[in-house]
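Input: structures, listed below.
First chain A sits with chain B, and in the next complex the same chain sits with chain C.
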Partner chain A sequence: MIRRFIGTVFVLLLPVTALAADATEIMKKSQAAFLYPGIDFKARVVMRLTAKGGQERTRELTMLRKNYGLPGGNQKYFIYFFKPSDVRDMTFMVYKYPAKDDDRWLFVPSINLVQRIAASDSRSSFVGSDFTYEDVSGRDVESDEHKLVKDEACGGRECHVIESVPKGGTNYSKKVSWIDKASLLPMKEEYYDVRGELDRTFTSDEVMDVEGHPTVTKRTMKNLKSGHRTEAAFEGVKYDVGIKDDFFSERYLRNPPKELIQ
Partner chain B sequence: MKIRRYILLFVAAASFAQGTALANGISINGFVQGNFSARVTGEALPNSDGGDFLLGEERLQLELAGHNKAGNAGFLSKTDFFHDAITNTANIDLREAYGELTSRYFDFRVGRQMVTWGIGDLLFINDVFPKDWSAFFSGQPTEYLKIGSDALKFDFYPKFISIGLIVTPLFREDNLPSNNRFFLWDPFPAVSDRQTVNPDKNFKNVEVALRLYRDIGGFETSLYFSKGFWRTPSLLLDNTTTPTQISFVFPRLLTYGFSVERSVLGGVFGLESGYYDSMEDRAGTNYSIPNSQWRYLAGYKRPLWREATLGLQYYGEYMFRQGPYRTNLPAGFSVQDRLRHIMTTRLTQMLWHQTLRLSLFAFFSPSDVDYQIIPEVQYHFTDEFSATVGANVFGGKDSDTFFGQLDKNDNVYCALRYTF
Partner chain C sequence: MFAFIRKFSLVDFSVNHPWLVVIFVLAITAAFSTQFPKAQIDTNPKHMLPETSDVRVWNDEVDRTFGLYEDVLVLGIVNKRGVLNRETLGKIVRITDEILKTKGVAARDVSGFPTITNVSAEDGTLKVAPLMAEAPKDEAEIGALEKTLFENPLFVDHIISKDGKTTALYIPLEKGANGKEIADRIREITAKEKGEEEYYVAGDPVARDTFGADMFRLMAIFAPIAGFLMFAARYLMFRDAFLSIALMMDAMIAIVWSLGLLIGLGFPIHIMSSMAPVFLMAIATDSIHIFNEFYFRYRESGDKRAAIIDTMRTVGRPVRYTALATAAGFVVLIFMHIVPVRVFGGLIAFGTIALRILSFSFIPAMFVFAGEVKLKEASAGEDIGTGRTSRFLRGLAHIGVHRPKVVIATGVLLIVVAIVGISKIRINNNMIDWFKHGSEIRTADRVLNNALGGTSLGYIVAISDREDFIKTPGAMNYIKDLQRDLEKLPNVGKTFSVVDYVKRINRVLHGDDPQYNVVPDSKETIGQYLFLFSMSAKPSDLDSVVDYPFQRANIWVQLKTWDAKAMEDVIEAVDAYKSAHPIPMEFKPAGIAYFNLVWNSTVLNDMLKGFILALVAVLAILILNFRSFKCALVSFAPLVFTVLVIYGFLGFIGKDFDMPISVLSCLSLGMAVDFAIHFMGRFRLRLSEGGLEDRESIANALLWTAARPGKGIVRNATLFAAAFSVMLLAKLTPYITVGAFIVAMMTLSALMTMITMPALIILMRGWLPKGGSI
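After this line comes the complex of A and B, so read on.
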């Protein structure tokens, strides 16, 4: 009797766990396609921050990224700011570890100071935009429970719809992603706050093929509560630039090589 | 007149360039700023420059930078043109001006440049480079606490370690608050004959500072050494019983130190220490030369909640020869404790998409029983235009301690800045 009961439970659970495994697998592949293509990557990022009243601000930066290990593994990021003018020449470096807090450094040129920054606030805003640090460099896929809700068409593509619920405490309750079946890139994401209300939406507005890697070159994050939105355009995207390991160091944080940041 | 013509030329060039890169890799950037600070204690400083005003100025900073096509040779010059409204004088301050060469294994920079070492937040142990405490206490933006060194900087990058060597041929002292603007502790107010004696300009007095650094098992580790001078002057009397003349002198100093820093418990933890070898008075018997000291600092910073961070520091200065120092101290001088220690707190909250920054920094010394508290609000109206309002609140049990002597100088400051 008991054995039959256990058997029934297994039978009932089987498709559910299989679906969860599928969903996690899709999310891993999507993260690999979205944040890990190439050995390294370089882009000029122009962010337009628009307040509800229409007031605009601009962030312009060069972003360099290099992978260490498999997709989903460690990465190093280097950011050089061109705009706004009060942060021009500032640089920012991140050693990203999926399973623990990042190491972050900021260089302040006016006093030639390299400062280490505490990094457990991955949900904080990146340079005042609607993107969080986590939105820029990714969130560990294992931190969430993923569920494949359905497949449906989205923006002329065939998409998986996946619901991701954080396992630990964070400041949102759920994320729903529309993942393009062909490129595995997220075409749309909805973030729900702790009260379960729709808080922010992400959209991939332009996808281009760059050196064989489908790349989101225009993206928008909207905060539905505040009416603030950020549009980010990735220009001059290049993969496999040949960034050397010692580039991610205090030396280049203080004095970044011109040919890499231009 | 000459200054005005120079400024006009620069403004014309700057408005033409509009903060963008010119052809052949040269760019012009900078800011225009108005900055005022008023003493709010109601105390009138006798014979002061500005009465209730500690600071009143309009400032134009122009930064000109460029590099060659290969990117291995470049220059930067950052010049402040400012009008001191208190004395109604026009001034030029060369903040930085240097040329540099870079290659695979070394960098070389010559000229006036900022050097910032160590892990302290407004506390300095192995950062033995010049500071402007007058600017800091009177509400200028924090970047003005640092002033440039006229130096040659060599950086070497062999595979296993990084090395920074700073050679400073000409001594530059700290800029301390003056009694034209600040109420300060003065043990000999009747002595008006005062002179500052800078170290002679010779090869023997060339200052050298060395830093070796690398990551050791997740700990960012630096070793420091420096040979130079105390940058804060010591007071030397011609006669200790009935002084008629005071000389401000800069005794020789050697420092040896280290710092380590790493991520711990969602924050960053750091330790720094330094031995200050006051080589002209190792016995500690000369009142006019600071005792040798051991300085140490422990700091921890971490995010509190969204867009908010907290930084805490504990700092100490231990005197090695307090006995001989006490015995030989002339009457009128205040006695320094064997151990002086300071705790600091920094709280920062960003709001409204990081356009509004609220911050609070506080120094408190349990040994001197004195403090400085700096609340500040900064708002960015646009990407280019920002306003800062803050206050410096000083106090202490005694009027002869570092912050305590500034008790009557509580001030409120504001700055408006347009960056281009």
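After this line comes the complex of A and C, so read on.
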């Protein structure tokens, strides 16, 4: 009888701690599936930036990424711009470290200058889009408290709904993510601002299997406050291209090898 | 015959069935008052122009293209010992944090020390980041901040004053947010901070929404006070509380009817229509002529019923024609452009007609209920031979009758002086000036305009027909030079454009060398700089100065005054620059300063056009009334004289011809002519009763008119002056203007009627038609 009672208490207590642990675990796995698949990765990204009034800007770029260490660890990014046309040949490189500020370099072809760029705020806009640097390259899972709120269906899939509250020092109050149980990719995310009002929403609009990795090939970030939105399409996605380490250097910033960026 | 039935049957009916008439009138009033809870208030001057008006369509397009906000508040923080110290900067960060959390604030684009984008180079690293994300911890950090601030022309005069004592936080509001509520919330936030800093909240939305709130509060206070004063003045004149109340009810009923109709038809109450109660109260005082004559008649005959009917027969015509003239002055407004002006014209015209219907029904009915004993006592003083007022008035007319040439010569001289004054009138409008000099809002505006680039904002949009044209060095340098040219204007505090970013980036990428603070000479470089900037800055930083295809650039022009004239000067300067330096680009003004310029000149033009139309309409009514062009012209003279003298005076004292003044000009027409209608009508009636038309008889008839109906005129003018003098104590200047204007107008037109009309009639007696018959 007593044993059964203790057992009941134990069962009752279990979910509280286990759920938090589960949630953090799910977020880690999700980040690995979303931002770290493969050893390296390459895609042609077309971004459509649309203002409230319907005006559009296009960004077209080739993005190369290589992982260093385990998922959640260091990464290097290399970006070559095709559009807008006057920035063709501009290149951009990021060394990403989860626990400290990124290193960023930009090559400005018209004055033949490689410029180091400070990365004081990972919440700032990525190339003028509604995505932040953090949205593109990931936020350290440990900097938020995660909680599994419930499971529910989302867009024909079974999803975990996870609430993540930043431990401090950022400009939003809460993020709610819908993580597909099967692929572990985020299908939808909602960001709430410091007033607790819904500020931005992220949606995965198309998921495709590429070389065994479920990949979000179309995604949208909407800023509900400004009415601005950005749609990003990933084309020609390839994993494990074999990018060499010395590729991520000033020399290649100035002169990227054609076969890699095309 | 028809006129006889229409006029007299209503009076007779009312006298015979007083209860029925009173109950019927009150029932209609109750029906109209059921509409009141539905009242909507709209104090936004923007809504003076329809959404489809060119300026609103264009301004909306500019707002959309550049992601701009219609409404921006400015919070000024002043520390006499300089704001660049740890305590003040700490407060700035705390206050900004709180403001960002305030509902209605467009947090993403609040611009001040903690949030503004700063492009700088430190140790070879380009940094595009908020200027001061957290308060500096030591003197070294403060020193660095100071250096950054004063080295960057984008910041000086914008977020930091040259003397370092004032900083500003620009707070854009989401659509539909109430500027006064947010300003109040900001004041609460700053009140929590102790210390020597002073805080000032300025900007168009706070002025506009505070004005709206104050306006209704003022109307709620002043309309009853004015009503009570009129009541008191009437009581002193007629010594009968019941009839004084009846006279006041007349005005109240007309106000309820008109506002009830306005609300019932679904119109919101605008700044202009909020003045309707006061206007109608003023117009209602015309019924005093009925009281005036009734008291004379009653004293003479002692028969109340006969006195009522005789009174109405005698004053009926002038009362009807003064009402017609007043209504005409407002009816012409219905044909104007601006919806609230049209609504206002219709509203007052309707109220005037309602008042007159009441004069012929409700008022006679109420006379029936008046106590005979009280009336006898009160009317005893009404004798034109012995009454003091009457003797004085007779004396005034005496001057006109016996010294006509001197009177007219003086009048002509005054008119000449007035015309000189009118030539000095400056058409302008400034909403901030609607608050008193020492008011919180005007003080805030003054302090910030003295210290920084200006609280009023206009835009000049440069438009090319080619994409990417703005990125060319030609366009960039042109915009830069245009900015320098505009900055020479006295009221332009600061200008700002995409070029300022390009120059800044050029300098920063070249080791912060001031020599590179110029536009680079290739379009490619400019494009790459802007791209680099857009990679890290807030999206709105670039969006607010250039459109997506780089075909349009937005030049921000900060103005140090809300004078509509200031933006007019900017537009003129742009046009002059463009014709001196041709370029395939078009430059179009926009923004709140431009809107204020347009709406205010539209209102003024409408009112001016209305004024001229009303002059013609009033003259036509005078001709219709007197069946004589010459008599009409003579009666027209006091009106023209009054209007000229008042506007001449405005010109001399340097008061701008603004929106409130322009609205008053229509009222002045309808009111200033009233006295002349009464005077001329009664004079001709008196003259025809005597049968003789020699100089002696004319002079006697004039003196009688001045003494008897003249007393009504003076009573009317006194009532007016009493009621409107209260408004001189208002805290919003347009109401003070209304008060002063009406007091002056009443006094002047009464005086002119009593002195110049007799003089004119005496001088022109040979020219005027014979036979006073009407």
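In this section, the second predicted complex is superposed on the first by the 247 of 262 C-alpha atoms of A that agree within 3 Å, B and C clash if a C-alpha of one lies under 4 Å from a C-alpha of the other, contacts with A are read in each partner's own complex, and residues count from 1 in each chain.
Everything that follows uses one rule, which is that contacts are C-beta pairs under 8 Å (C-beta built on N, C-alpha and C of every residue); 3 or more make two chains touch, one makes a residue touch a chain.
Fair warning: this is a prediction, and the values are worked out from it, not measured in the lab.
The superposed arrangement places chain B and chain C in clashing positions on chain A.
In the superposition on chain A, A:Asp86 makes contact with both chain B and chain C.
Touch criterion not met for A:Arg139: it reaches neither chain B nor chain C.
In the overlay built on the shared chain, the residue A:Lys66 is in contact with neither chain B nor chain C. Judged by the touch definition given at the top, the superposed model places A:Leu106 against chain C, while chain B stays out of reach. Legend: residue contacts after superposition of the two complexes on their common chain; A:Arg195 is shown touching chain C, with no touch to chain B.
Applying the stated contact rule after C-alpha superposition, one finds that A:Lys175 touches neither chain B nor chain C. When the shared chain is aligned, no partner comes close enough to touch A:Lys96: not chain B, not chain C. Applying the stated contact rule after C-alpha superposition, one finds that A:Ser125 touches each of chain B and chain C.
Contacts of A:Lys42 after superposition: neither chain B nor chain C is touched. Clashing C-alpha atoms with chain C after superposition occur in a single stretch of chain B, namely 385-393 (options considered: 259-267, 385-393 or 403-411).
Where the contact sets of chain A with chain B and with chain C meet, they give residues 51, 55, 57, 84, 86, 110-111, 113, 116-118, 120-121, 124-125, 127-128, 130, 228.
Here chain C touches chain A in the complex through residues 64-65, 67, 100-101, 103, 106-108, 122, 124-130, 133, 468, 471, 509, 520, 522-525, 527-529, 531-532, 534-540, 542-543, 547-549, going by the rule given at the top. Residue ranges on chain A touching chain C, taken from their complex, read 51-53, 55-57, 81, 84, 86-87, 90, 92, 106, 108-111, 113, 115-118, 120-121, 124-128, 130, 193-195, 223, 225-226, 228. Residue ranges on chain B touching chain A, taken from their complex, read 19, 25, 29, 31, 67, 71, 74, 100, 102, 107, 113-116, 119, 142-143, 145-146, 155, 157, 162, 213, 220, 261, 263, 266-268, 270, 301-303, 306-307, 309, 350, 353-355, 380, 382-384, 386, 417, 419-420. Residues 49, 51, 55, 57-58, 83-86, 88, 101, 103, 110-114, 116-121, 123-125, 127-130, 171, 228, 246, 249-251, 255, 257-259 of chain A touch chain B in their complex.
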